[in-house]
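The next part holds the structures, each set out as structure tokens.
The two complexes that follow have subunit A in common; it is paired with subunit B in the first and with subunit C in the second.
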Partner chain A sequence: MNVNTPHKASDFRPSAGREHLGKSPAWLDGVREAAMERFREDGFPSPKLESWKFTNLSPLARTTFRSAEATKGRKITRVDLEPYRLTPDCHLIVFVNGRFRPDLSALDHVPDGTRVVDLVAAGEDDLQALIAPPAVAVEPRARTLFDLNTACMGGGAVVHLGRGAILDPVQLLFVALPEAEPAAFHLRNLIRAEAGSSATVLESYVCLGEGTYWTNAVTQIDVAPNAVLRHYKLQAEGSAAFHVAETSVRLDHQAAYRMFAASLGSQLGRNEVDVDLAATEAVARLAGTTLARGAQHLDTTVRIEHSMPRGTSGQEFKNVVDGRAHAVFQGRVRVAPDAQKSDAQQISRSLLLSKTAAADTKPELEILADDVKCSHGATIGDLDEEAFFYLRTRGVGEAEARSVLIDAFIGELIEHITVDSARTYFRRAFDHWLADGGRP
Partner chain B sequence: MLKIEDLHVEVDNREILHGLDLEIPKGEVHAVMGPNGSGKSTLAYALAGRDGYAITRGRILYQGRDLTAMAPEERAREGVFLAFQYPVEIPGVVNANFLKSAINAVRRHRGEAELDAIEFLKLARQRLKLLNMDEALLSRPINVGFSGGEKKRNEIFQMSMLDPRLAVLDETDSGLDIDALKIVAEGVNSLRGPDRTILLVTHYQRLLDYVVPDQVHVLAGGRIVKSGGKELALELEAKGYADFVKAAAA
Partner chain C sequence: MTASQQTIETLRSLGGDYKFGFVTEIESDFAPKGLDETTIRFISARKDEPEWLLDWRLKAFRLWRDEQAQAREPTWAHVTYPKIDYQDIYYYAAPKGSKKPESLDDVDPELLKTYEKLGIPLAERAALAGVAVDAVFDSISVATTFKERLKELGIIFCPISEAVREHPEVVQKYLGSVVPYSDNFFATLNSAVFSDGSFVYVPPGVRCPMELSTYFRINAKESGQFERTLIIADKGSYVSYLEGCTAPMRDENQLHAAVVELVALEDAEIRYATVQNWYPGDKEGKGGIYNFVTKRGACRGARSRISWTQVETGSAITWKYPSVILQGDDSVGQFHSVAVTNNWQQADTGTKMIHIGRNTRSTIISKGISAGHGQNTYRGLVRFLPRAEGARNYSQCDSLLIGSKCGGHTVPYIESKNPTARVEHEATTSKISDDQLFYCRQRGLSAEDAVNTIVNGFCREVLQKLPMEFAVEAQKLLGVSLEGSVG
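The block that comes next holds the complex of A and B.
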């Protein structure tokens, strides 16, 4: 499959990933063809669209991609994956260049009442949930990569927690092995947490080697009444990669969703998170950080919809931007007329480490209920010159003083990570970034 | 030990120090006194190497070497310490971690073995006790939520840990009640010795009742306008700075 023109992607074949979906039902074929049609019609989202005004996908649209099937998939072993694992013994499902790799996964001890499988093994119910439109509606032309994903999805993790089940933790590890010719990986994940269940899920996107490729990931999440999902995401793609992701979350009565996302990798990245507090007393706590340097452009776009009363949402996002990099944070909160007694807080802070670094933040509040508690704040600033000098007058070197202050800036965010192993995992990724590399 | 010759310092394109001369022999304690805005902190920052404090003329010789070419951390490692008039709050950076890396940076530079966590803690506890300070300070972020007095004492604590050769104390006495002043003074006195040179920058002479200087210099209009023994401080206390300011302006 190829994309040659920026906004007309006529060469994408809707069947690209179909053979990997096993005995995919006829209705799904229809859905996928229709999705492809929409993508063909509208092409890549244009920066003329309000929700894309800070992020221009034309470098992505200009690149010609092969399908994942065409990649040879250089041999890798479990040892190659060790640095990227959450813990040596957690449940693990691995995808290499978009395809499930049972030989590298560790799913033998997944507890009763839970299921972690590849998309191929998805049931009819799962497929229905997978193709559902994202939890928060936007104008269709801003969502064409979701359509493309629907049309081309060929792999992804389906995590299912039965009533009261506990899964602690599972890692979804997506490994890219770039080759000379860029390839596109359309991943589709599903996490369904039934009533009263509890899970920790880590999504990691990593790269072995260098080269251009595109991860287009969609993760659909349903959290049933009284279920708890701790969702972590590390985006540590290769430096020439494109990463576009849509995470869509529906929360039922008293469901709790905690998310922490770190974006470190890729030349051009967009992490969209849409959360619908679709029933009463749901809780969504989102936090994350973008660490960008060089010429990276990393965008985090969050939309929270308070549809029902007494919901709580929190967003705390921090950007650290160096070099000529550009970080974007867009956070939209909408409180529906019926969603009385909603509590929605949002804060974003950006730290610019160089004169050429840039950050854009766009908070948007749309409050249609009258009895609510909502606040938002955004700051953009440089490294505190006084603090920097103070540390140096004590003998701390310039580079170390810088990294101590950056670390202090993102450090308090780590408190949002309530699972110890995940905290260690992200700590390691940040330390690595601070030390230089940009990837764990 | 320290020899400042014809020092001109500009901040934001405005000259603040207009040819300052000062010499402090090794092991002595000198006080620089001056009214607000006379350039005391500017002198302190110039000694510590703060960005934006441009030395446009003159030089600073420290142990015979030109200090002005050195980065702030190099000066620190060579034994220069500045106690800030307004110690900086740094949220998210824990005192103990910061101080341990600072000490070890200095020790590495001196060719001494680094302190491990236990050695560091032992030394820190001993010094804190000397300054009548709570050990809990070690696990708190730098100066965050500290009272004015605690911040000043924390500066002296850091000084005692870093063991400098030249200590510049910028109004370490201001904002302290008499008890805190005595503790700080005791701390400074305990660090007095033949190998340590101390420059006390102060507005009031009351600290000098407790830390008796070898010499006192009056800074006015960006220059040292008078130097003398400790009795000069008393004279200033009695007469104020007005005469000196007038003389400097003339």
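The block that comes next holds the complex of A and C.
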């Protein structure tokens, strides 16, 4: 698939590159066509749209991508993936350049009552859940990449937990092997946690080699009453990559969702998370960090909707920005009319390490019920001079002092990760970043 | 009787909810309804304006016409209203026979009575109140007090139309230098049709000995008010300025699109306070003023200071962002705001602090109170440009919700391009707690008084920033605005 005029994007063909999926239901073809039509109509979201105000996708829109195809030239083995695995023996589903690779995955011991499969094996129910619109509504023109994903999705993990099932942990590993010609990977994941189930899911996006490519990922998540989902995401794409992701979460009565997201890779990245507390007493706790350097532009956009009473949400996001990089945090909390007794807290902090770094923050509260507790706090600044001086007077070198303080700044966040192996995993990624190139 | 006492008396003596809803029966001189180039020429001719100003107006008008044709009216604010028919408005209304009066004796007694009812001391006995007043009635300024005494100090305080005639070089230099005619849809409209407003120039090193004040009154039916205020504080000077506004009760909406420009040179300080009490519409949300205002100050010189204080209780819709451009090194910008929306009122208000110079500092304190079906949005921008070494901002935005049908929203934009700049932003949303209410009720306060007490406490930080004369009035207004929102 060649896209010479990507702004119009009229050359994207939804069916191309999906032959491996076999015959899909007719209704799905209709959905895909309609989504493609919307994308053709509106093209890439522009900064004129309020929700894209700080992020300009024109470098992405200018690039011509071919469709995702299984790599022919290079072979990779399990050994190549070892550094990126959560633990040597956790359940693992691997996608290379957007395609499921059973040979690299480790799914033999997935417990009873749970299912971890590729999109190809998705049932009718799964497909319905996969194509649902994102949990929080925004203006349709801001969602055209979601539409493009719907039209072109060609792979992704379906994780299904039956009632009361426990799956601890499973890793979804997305590996890019860039080639000379840039490729686009439209991934669609689904996590469904039925009543009373509990799971830890780690999504990792990594790159072997150098080159331009585009990951356009959508992850749909449904958490049923009393289910618990711990969801971790590491974005460590290649330095020339584009990464755009939408995570859409629906929480039922007393469902609990915990997320930790770290964005380190890609030249231009956007991590969008939409959470709907769609029933009473749901809990959502989100935390994350963006570590940006060089000329990276990394955007985190979170929208939390308190649709029903007595929900609790918390957000804590931190950015560290060096070089000429640009970090964006947008966080909106909306409390619907009558969603009384909602409790929503949000903190965002940005650390600017160089004269040319920039940070934009837009925390936003939209409150339509009166008996609520909502607050947000935001700060932007540089390293605490006094703390820096303290370390220097005690003989700590300049670079090391800096690194200690940055480490302390993001270190607090790690506490949000409640699973030991995941904590170690992210710790390692941060240490790598602090030490040098920014990729584990 | 001081101005504030008078105001309280006025508030007490008049029954009903909105105390300033009366109409003064006075013959007015209108420009033909609607807006085209002839309207602009009519206004300009009425005011004997020089060529350059007419050209400026026409430039603005042509731009506005194009923008309107392309439906570029801003839609990003969190407010909803039916489309405004710009051809159904009188752009110029002046009390008849109003050649500029020489003294207050020449002023139409009907007008004086109006201001008496409003509690505005136009009469010389108001010397006791110690406030110099410029009263703007619909499109023109009807009286300016204390001009002579100010003149001795070299301070110019007069209607802007008079300044255009008598100090054209100053007006030409600064008009549109802070808010250019192309700034935004409503500022462009204002630049085309602005009729009157106040002009203040304070010479170097002079500290203005009294509060300067403008009182705006919309009286005529189906008219809009488009005043333009320009305040220049020369090096090392100081001026404090107050602005108040009212309008009659009418079922149709009336448009008020003003522009205020402040310029503070080296070491100068301008304090600008507004008590905005335009007619808010009735309990069903019928009528009321659309208050679409552009206010901006430029701290041009080093160590200059500009502070905006506003108490917004009136208007059906408020769309207003008093801003400060901090150009001079070490300059300071402040924004203190209380905005109340009750019944069906909507407010989208906040500020912009643009930090350009080194060590510039800004403070934002915003208190939003919503009751009934009111929708209250704080929208603010804090931006540090790369040169703003060591700049600081502190923002605090609190929303108080009274009743379950209203909304309180916070939309801050924070943009930093300098690592040494520091910004802290906090926002909270809450309701009046049952504990607080119970405590007050237990001590014998009625439910309404209890709410008033708590609301006044909530707004205290801002009310303290108002000059004394206004603080009392503002406190009273809060109570009146929230009447009927509890129990």
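Just a few scattered comments:
In this section, the second predicted complex is superposed on the first by the 430 of 440 C-alpha atoms of A that agree within 3 Å, B and C clash if a C-alpha of one lies under 4 Å from a C-alpha of the other, contacts with A are read in each partner's own complex, and residues count from 1 in each chain.
Note that a residue touches a chain if its C-beta (ideal position, glycine included) is under 8 Å from a C-beta of that chain, and two chains touch if they have at least 3 such contacts.
None of these values were measured; they are calculated from a predicted model.
Aligning the shared subunit A places subunit B and subunit C next to each other free of steric conflict.
Within the superposed three-chain model, A:Asp338 lies in touch with subunit C and out of touch with subunit B [touch as defined at top]. Once the two complexes are laid over each other on the shared chain, residue contacts for A:Lys373 go to subunit C alone; subunit B is not touched.
Set side by side, subunit B and subunit C differ in how many residues of subunit A they touch, and the one touching more is C. For the combined arrangement built by superposing the two complexes, subunit A sits at the apex of an angle of 70 degrees to subunit B and subunit C, based on C-alpha centres and given in steps of 10. When the two complexes are overlaid on their common chain A, residue A:Phe389 makes contact with subunit B while staying clear of subunit C. When the two structures are aligned on the shared chain, A:Ser354 is found in touch with subunit C, with no touch to subunit B. Once the two complexes are laid over each other on the shared chain, residue contacts for A:Lys362 go to subunit C alone; subunit B is not touched. Contacts of A:Glu50 after superposition on the shared chain: subunit C is touched, whereas subunit B is not.
Once chain A of one complex is fitted onto chain A of the other, the partner contacts of A:Gly397 are limited to subunit B, with no touch recorded for subunit C.
Subunit B and subunit C never share a C-alpha pair closer than 12 Å once the two structures are laid over each other.
Chain contact summary for the complex, subunit B toward subunit A: residues 48-51, 71-73, 75-77, 81-82, 84, 87-93, 98-99, 101-103, 105-106, 109, 141-142, 158, 162. Remark: subunit C residues 76, 384, 386, 399, 401-431 touch subunit A in the complex.
The touching residues of subunit A, when paired with subunit C in their complex, are 50, 337-338, 340, 350, 352-382.
By the touch rule above, subunit A contacts subunit B in their complex via residues 384-387, 389-398, 400-401, 404-405, 407-409, 411-412.
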